[in-house]
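One structure follows; several queries about it will come next.
Per-chain numbering from 1; labels A, B and C assigned in written order.
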Amino acid sequence: MLQNYVSKKAVIHRTVRFEGNSLVLGGSEISEGTYIGFNTIIGYPSKKSFSSLRAMPEDLSILDELSSGAKIGSNSLIRSGSVIYEQVTIGRNLVTGHNILVREGSRIGDNCLIGTGSMLDGSVSIGNNVRIQSGVYLPHGTVVGENVFIGPYACVTNDRYPVSGRLTPVVIGNGCIIGANSTLISGIRVGDNSVVAAGSVVTRDVPPNTVVLGVPARIYITREEYEARRKKHEQGV
Amino acid sequence: MLQNYVSKKAVIHRTVRFEGNSLVLGGSEISEGTYIGFNTIIGYPSKKSFSSLRAMPEDLSILDELSSGAKIGSNSLIRSGSVIYEQVTIGRNLVTGHNILVREGSRIGDNCLIGTGSMLDGSVSIGNNVRIQSGVYLPHGTVVGENVFIGPYACVTNDRYPVSGRLTPVVIGNGCIIGANSTLISGIRVGDNSVVAAGSVVTRDVPPNTVVLGVPARIYITREEYEARRKKHEQGV
Amino acid sequence: MLQNYVSKKAVIHRTVRFEGNSLVLGGSEISEGTYIGFNTIIGYPSKKSFSSLRAMPEDLSILDELSSGAKIGSNSLIRSGSVIYEQVTIGRNLVTGHNILVREGSRIGDNCLIGTGSMLDGSVSIGNNVRIQSGVYLPHGTVVGENVFIGPYACVTNDRYPVSGRLTPVVIGNGCIIGANSTLISGIRVGDNSVVAAGSVVTRDVPPNTVVLGVPARIYITREEYEARRKKHEQGV
C-alpha cells in the first residue's frame, strides 16, 4: 500500500480499506466495511476554516487541525481522486465514481450512488436511495428528495440573477427523474414523481407527477403515461 | 520518479515510460513507446470483480489479483489522473487529456484522441481515427464508428425511459461530427457522415449525410452543403 | 508532508506551501503566500515540447528540462489535482477548485476564481476579477474581459465548421454574465455588460448591454432591465 496521511483524531473502523496515497483529516469517522480509493481526500477544510488562519497552513498537521472531519457510513465505496470536505455526513452503502466532489456541510442519505466527476458544490442535501449519474452539478443549497434519479451532466443553478445577493436553490421532490444535460434554473421546485426530459431547460415549477420537456420546458405528459410508455419500451414494443 | 505499483503479471515493454505514482494492475499489457502520466490507474477492477470477494480487498496485491488487466497499444500517451479499467483494449497512438475514464470492456481503435475529463462510462466501442474532445460523456453500449469528431461536453444517453430495464444505446456512424454540448437521446442512430450542430438535442434517427440542428433537432442542410460552407469559412469568406 | 518533485530551476518563494505529492517543472515561479494543493502539476510541458524529443521523456528530470515553467502570482490557492501547463502566467489572488486544467500559453489576470473541473483548454486570455464557476469549458483562443461571471458548465467553442483549418474563437466583453450550461458558438462576440441566460445556445454576436435567451438565443431585455429585476429579486419581491 502506498502511504496515506491519516489524522490521529480520525476514527477509522478496523475493517476500512485504503488503496493508498489518501489524506484523512480532522476528526473524520469512517465506518465498517468502507473502502477508500487511491488519491482520495476525506475531511478537507472549507475556505472558511482556512481563513481562520492568518496564513495558509504550513504542513498537513496544520491542515488537519483546521478540519472538523467528515462522517462516512458503513459499506461505502469511495473511488479514486474523490474529495470530501469537512462537516459532510454520508449514510450507509454510498458508491461513488472517480473524482467526485462533496463540499462542506452536505448530507447524503443511505444507499446512494454518485457518478464520476459529479459535484455537490456547497452544502447540498440528498435523501436516501438517490442515483446521481456522472458529471452532475448540484450547487450550494440544492435539496434532493428520496428515490431520485439524476441523469449525466444535469446542471442545477442557485442564483436567478447572477451575481445576486440572494441564492434561491432548487428543490427536487421524491421519486423524480432528471434527464441528462438538463438545466434547472434557480428557485424552481420539481414536484414529487415528476420527470424532466433530457436536454430541457426548466424555468418554472414543475407540478407533481408531470413530465416536462423542451427549452423552456413545457408540460408534456403525466408520469402515469410515462410509466405506460416505459413498460412498452421495456417489452421492446 | 515517484513510486509506481506495477503488477508482477503485467507485461510492460521496456520502452514504456511512467511519470510516477501510478498503479498498473492485473495482467495489463502496455506496448512499446507508450507514456503513462502521473497518478494514472491501468487495469482497475470492475464492480463485478470486486463483488466476487466477500469483502473489499485488503491491499493492492488483492486488488491486483482481482484485475484481468487492460491492453494499451504502442506509442500512446495517457495523461495524468486517468483511470482505465480492466478488460479494455486500446489500439496504437492513443493520445488522452488528463483525468479520462475508460470503463471495463471498452474498445478503442487506432489513432484516437480522448480529451480531458471525457468518460467512456461502461463498455463503449470506438473506431479508428476518432477525436473525442474534452468533457464528452459516452455511456455503456455506445458505438462510435471511424473518423468521427465529437465536440466538447457532448452527452450521450442509453436509457429512453430512465430507469428502465432495457438500455438502447446510441450508434454514431462513420465520418460523423457531433457538436459541443449536444445531447443524443437513447436509441438514436446518427447516419454515416452526418453532423449534429452544437447545443442540439437529438431525439430521432439522423439520416446519413445530413446536418441536424436545434431542440429537438431538425434537418437543416446536407453534408455536401456543410462542406461547401466549411470551405468558404476556411477561406475567410 | 508527502513528497513533492520540485525543479531545481523553479523559483519558489519561501512562504509558498504545498500539501504534497505535487510536481513543479521547469523554471516555474510561484510568488509569496501561494498555496499548492495535493497532487498538483505546475509547468507541465505542452505536446509541442514533448515532440521536440525523439521519444518520450525517460524520467521526471527530462520532463523538467522540456518545461519552460509557469508563473503563479502571490496569495493564490491552487486546489488539489489541478494541472497548469508551461508558458502560463497567472496574476495575484487566484483561487481554484479541484482538478482544473490550464493549458500552455494561457494568461489569467488578478483576483480570479476558477471552479472545480474547469478547463482553459488551449491558450486562453482571462482579465482581472473574473469568476469562472465549476465545469466551464474555454477552448484555445477564447478571450474573456474583466469583471466577468461564467456560470457552471458553460461551454465555449472555437470552430464554426469542425473540423476546419480556421479557428474563430469567442470573445466575451467586460462585465458579462454567461449563464450555466449555455453554449457559445465559435466566432461570436458577447458585447460588454451583456448577459447570456442559462441553457442558451448563442449563434450570433450579442450587442452590448443586452440579455439574450433561448435556442438559438434571441434578444430578451436590456441589461438595465436585468439589473432592475435583480434588485427586486434581492429584495425578495
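One rule holds in what follows: a residue touches a chain if its C-beta (ideal position, glycine included) is under 8 Å from a C-beta of that chain, and two chains touch if they have at least 3 such contacts.
All figures in this text were calculated on a predicted structure; none of them were measured in a lab.
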- [ ] Name the shape of the chain contact graph, picking from line, ring, star, complete and other.
- [x] complete
Task: Copy pair chain B, chain C: interface residue numbering same or different (half cut) - done: different
Task: Averaged-CA centre spacing for the pair chain C and chain B, given as whole angstrom - done: 24
Task: Residues of chain A whose C-beta touches two or more other chains - done: 21, 39, 81, 99, 117, 135, 153, 181, 215
Task: Complex contact set, residues of chain A against chain B - done: 1-2, 15, 17, 19-21, 33, 35, 38-39, 77, 80-81, 95, 97-99, 115-117, 131, 134-135, 149, 151-153, 177, 179-181, 198-199, 214-215, 226, 229-230, 233-234, 236
Task: Touching residues on chain A, where the partner in the complex is chain C - done: 3, 5, 21, 23, 39, 41, 44, 47, 50, 55-60, 63, 81, 83, 99, 101, 117, 119, 121, 135, 137, 139, 153, 155, 157, 160-166, 168, 181, 183, 185, 201, 215-216
